[in-house]
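Mind having a look at this structure? Questions to follow.
Chain lettering (A, B and C) follows the sequence in which the chains are written, and residue indices restart at 1 in each chain.
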Amino acid sequence: MLIHEDRLFPAETAVRKIAKALYAQVRNLPIISPHGHTQAGWFAKNEPFPDPAKLLVQPDHYVFRMLYSQGVSLDDLEIGKAELKNPRKVWSIFASNYHLFRGTPSRMWMDFVFQEVFGLEQRFSAKTADLFYDTIVEMLKKPEFLPRALFERFNIEVLSTTESPLDSLDDHKAIRESGWKARIVPAFRPDSVVDPEFDGFSQSIHKLGEQNGEDASTWSGYLNALRKARLRFKSLGCTSTDHGHLTAETADLPLSEATELFNKVFTGKADKRQQALFQAQMLTEMAQMSLEDGLVMQIHPGSTRNHNCKLYEKYGRDVGADIPRPTNYVDALRPLLNRFGNESKLTLILFTLDESTYSRELAPLAGHYPCLRLGPAWWFNDSPEGMMRFRQQVTETAGFYNTVGFNDDTRAFLSIPARHDVARRIDCAFLARLVAEHRLDEDEAFEVAYELTYGLVKKAYKL
Amino acid sequence: MLIHEDRLFPAETAVRKIAKALYAQVRNLPIISPHGHTQAGWFAKNEPFPDPAKLLVQPDHYVFRMLYSQGVSLDDLEIGKAELKNPRKVWSIFASNYHLFRGTPSRMWMDFVFQEVFGLEQRFSAKTADLFYDTIVEMLKKPEFLPRALFERFNIEVLSTTESPLDSLDDHKAIRESGWKARIVPAFRPDSVVDPEFDGFSQSIHKLGEQNGEDASTWSGYLNALRKARLRFKSLGCTSTDHGHLTAETADLPLSEATELFNKVFTGKADKRQQALFQAQMLTEMAQMSLEDGLVMQIHPGSTRNHNCKLYEKYGRDVGADIPRPTNYVDALRPLLNRFGNESKLTLILFTLDESTYSRELAPLAGHYPCLRLGPAWWFNDSPEGMMRFRQQVTETAGFYNTVGFNDDTRAFLSIPARHDVARRIDCAFLARLVAEHRLDEDEAFEVAYELTYGLVKKAYKL
Amino acid sequence: MLIHEDRLFPAETAVRKIAKALYAQVRNLPIISPHGHTQAGWFAKNEPFPDPAKLLVQPDHYVFRMLYSQGVSLDDLEIGKAELKNPRKVWSIFASNYHLFRGTPSRMWMDFVFQEVFGLEQRFSAKTADLFYDTIVEMLKKPEFLPRALFERFNIEVLSTTESPLDSLDDHKAIRESGWKARIVPAFRPDSVVDPEFDGFSQSIHKLGEQNGEDASTWSGYLNALRKARLRFKSLGCTSTDHGHLTAETADLPLSEATELFNKVFTGKADKRQQALFQAQMLTEMAQMSLEDGLVMQIHPGSTRNHNCKLYEKYGRDVGADIPRPTNYVDALRPLLNRFGNESKLTLILFTLDESTYSRELAPLAGHYPCLRLGPAWWFNDSPEGMMRFRQQVTETAGFYNTVGFNDDTRAFLSIPARHDVARRIDCAFLARLVAEHRLDEDEAFEVAYELTYGLVKKAYKL
């Protein structure tokens, strides 16, 4: 067996027993995936997934980063290629380097996919690479491995994708119109029309205006266009927006200054500082709109995008090594919170890549402001140790009820059950220790386990 | 039973056994409470405590913050009201939301108070709210629940309150003159006369001068007035001062610059930077005075006071959501340490809300400078996980003997035994692991447990 | 017994059993010490080590810092004296204060030295101080306690010292010429000729030029001189350079700016900022040279040197209390990484004293850039808890294979086996938990334990 029935549970017998009991209760609850990067098109078209390399290696930045860090060439992995010339070779490189992933969540997710999705129970290695490849190829041809079949088998109750305001959402419409009863919804992610550094920023704003029947070259027209775009998303089931900025900076400028700033960024005359200020202002504008239309707001700050210039130039976004940076929340969020912090009708979910903020800033903020909730351990911290640190450093100040369950945040559809399973196990392990140390009664732990798995995420994301 | 005999001890049998043995030795040692915010008036007047809501909810910012974060209105909790109109309703709101505190220290402290102080052993909830309310009301009327009786029952050897230099200290005098043999002493906390942002700053300085027979409108008169005020505190048993600044910044200006700076802040002409510099200078002045009069100095930096403007405007200080911020010590303390760092007669106790400084700055500083000691895990970190992180991140560099035992730092008098009990249990749990892993011999762990509970705090605070 | 056979292994029976099995395999592997501060002269001359105080107290900054922090005078410890007047008294002060080291790695290392090197199995204390002193004095006279004999007994396969580019390396030559077959190599540490604040900076550059037949008063001559100096080191077995800067800042200036900057710092006309920029530029230049000559590059940033001015003035470098500071890597390293980050032929090993960077910056950087590896927990973090945090916070993103095994980094030759033993035990304890929680298979854990102890360090340092 690749994966053990008791994996991730504490070794101490009494604690493990409690953890297993808690897990037994939540293990088979439906998956709520309120934030992620899968493609609606997969489910609209319901065509077979491609070969193992294209499916499991090429889109997984956790995987190719690690391989690259140890000298594997991205060209050999055919990163950035629309069609793989030699997927079996890519797969073989991955297999030969599988030891690099020891101790990482990628290893755990991948083994889960191999065993639970494809029934493979040998260890993945250079020796078994071909066997795995051929088995997976065969399986992917079968009807029960089509996207919709897997979606159902995975017991997914809701799946949110993440889309640009300019997206037609045709795939989402197609799913709805197909009569298939799955709940797949878009999240509204306006990078391309709020981040002045985004390629084609002004054109995108023009397009936003056109699509929404507004003159988006004016501040008020631009805001109205965004409002309408949000409603269009909402009409297709969207309940949330998402904002991925370099910092958590917010601003609350007077109308005249905001107008002037918009004119500057729109006409490309803004300097770096003004561009950042515009993004800061837009978070507050988005909070205002969320208060109006009820969309839950998510902020994912603190990633230095495209740190590796050479790779970025060659391969583009999402390959260029995003690296976390120190992130301030206590000052950065103040303008927004001064305006909307006391609104309990607004839900603003904060994420971080800077764990030093868990106990210092995030838990105290979420443990006070009615609008704030804490998203789960994110990205590099979406891992057994990372999740445990999140609970240990956040719970005592913010409690459980200011958190929002798990996000898989993944492009790797097949890994969704694996990721939720890790989260459920770690939460149960954390709770089991509280019970064993008499910090929480066992009946309460059962209630909390249910909330962490299913209740809180539905409530926080209004699903 | 609400609280378990073995709570907070590690689940592993062998480690738990050691922890229990260590705890048995320190469990009943007298409580030394060298820093906190109880009111001397309670013990001077010795009148019955008010109803449960006024006693246990209204003054406890841990409690009302959490309730507020989940949408409970502060008006419904009657925060800021001198008299509660409907204390039973406030109590009922607390009870109905008691699940929010799962996994937090508030829950643990409160359960301890219910069971150990009031003999209540059912779980607190909407269902038992009235029972708890009525029971507590009845008990508080009894003589054995009067402040002095509880003080004695709690086995408190010393209790320090925190007072302004302008305070008459009449309550402290009244206690002394009453013939009651308890040791209740004030700590000298000069915010109102060293923080230029404090309401009525200049008037307070005038008053300080008048009270101490000095012309406090001059730099030297001001310093002399402070010196005399300290001696007045000292004559009533005070052994420490306390300084709660936004940063840990210190300064050591030449006399002429300090004089000029004082004139600016005193006349309200200082800008933000100068106001901060004045506070920085005052830490060094206070260290100088401590060297003269022997008062132990405490610095509690890094809290962004009144983060929530709207609540601050409506409810005032201590409701407006203080939020921790990143805090630098290595550069900030250098001016003070350059002057007094090598004085082993000075004791300067450092606290932090920024745990990233434990291993990076605080332990290396305290593990070198003779004047420095580290205060215990503070405020948001005064919790089982927080205390454990403190020991884990501090001990290997600073050892045990550069720490100063526990501070409860509380306004909630009834919770004092609960808080000390948590600290004793966690210290024993930490030591038990060291013993079980053969990193410390058992006889040494017994000695250290005693020191962490009783010896170090008396020595550090000169009590 | 002073030290227990099972020390540092987790208390839980099943986990301990795995840890012991892993440790049994790596316990007796040869020691690779790729970075440290022992003196080649000891092995060149092979004379008896001095008395216990001079050997074990005076050079050990961990020891005298702790004693000083608790009021012991450095004069009483005869710090900074070439010859000790009263070594027995120094030894007795250490013994009387040995309790201060409870819970610190110094205690663990020292007990290991007492028991494993000198056969002393009683507890060190005021009572046994003389016994220990006399025993050690006697032993040090014996041939089996001469430096070379201990080196062999310690099973050291490679030992790297750290030397200035101006050093004659006569001791290293003498070792080679003596016919003794030990591998003792220098590392190239150019502080004195790249840090403009270093005493006699310009003279040192002149000397560097003279020694290497270059006109080092010009930028190109200076660089050539460094190149030649590196080759001289390399010819004596050197495989690495080491750079201990205040920050991790790097720069990549155009030739003309670099030239101008060099002229400024060389002629003493550079301000603080320019001095720092010069150091930043030199890291990039050193990376360039490493790419040419293959020397592995180490960066040890983030120590505020000589924090305690008074001690620094009186006792000089390495006594004046170096204190860690917050350290940024994500921005600081970018200029260097933009140029060389994708070179898998370059090896750049990063260290930190700021643990908040482990999961936030260092693991994501090392888990991407082919040239980067992470050095082990350093200095204040070279401790059981510190090492465990390193593995817990780094592994899930960077894996095991982007780390480089252990560095003892010590001046205290006798403690080298003790330090490596702690690292081996903690790594086995970490791996044992992964196995017990079914996060890693046992056969893989054996492979990884071997790599962490022996394989990775040899590969990373090209030894």
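To be clear about the criterion, a residue touches a chain if its C-beta (ideal position, glycine included) is under 8 Å from a C-beta of that chain, and two chains touch if they have at least 3 such contacts.
Since we're looking at a predicted model, the values are computed, not measured.
Although chain B and chain C carry the same sequence, what matters here is overlap: shared residue numbers make up under half of all numbers found at their interface. One copy, chain A, sits rotated relative to the other, chain C; on C-alpha atoms the angle is 120 degrees to the nearest 5. We define each chain's centre as the mean of its Cα atoms; on that basis chain B and chain C are separated by 40 Å. Residue positions 12, 356 of chain A are each in touch with at least two other chains.
Within the complex, the chain A residues that touch chain C are 3-4, 6-12, 65-66, 68-71, 99-105, 108, 123, 304, 307-311, 321-326, 353-356, 380-381, 383-386.
Remark: chain A residues 12, 14-15, 328, 330-331, 334, 337-338, 341-342, 344, 356, 359-361, 363-370, 372, 392-393, 395-402, 433-434, 436-441, 444, 447-448 touch chain B in the complex.
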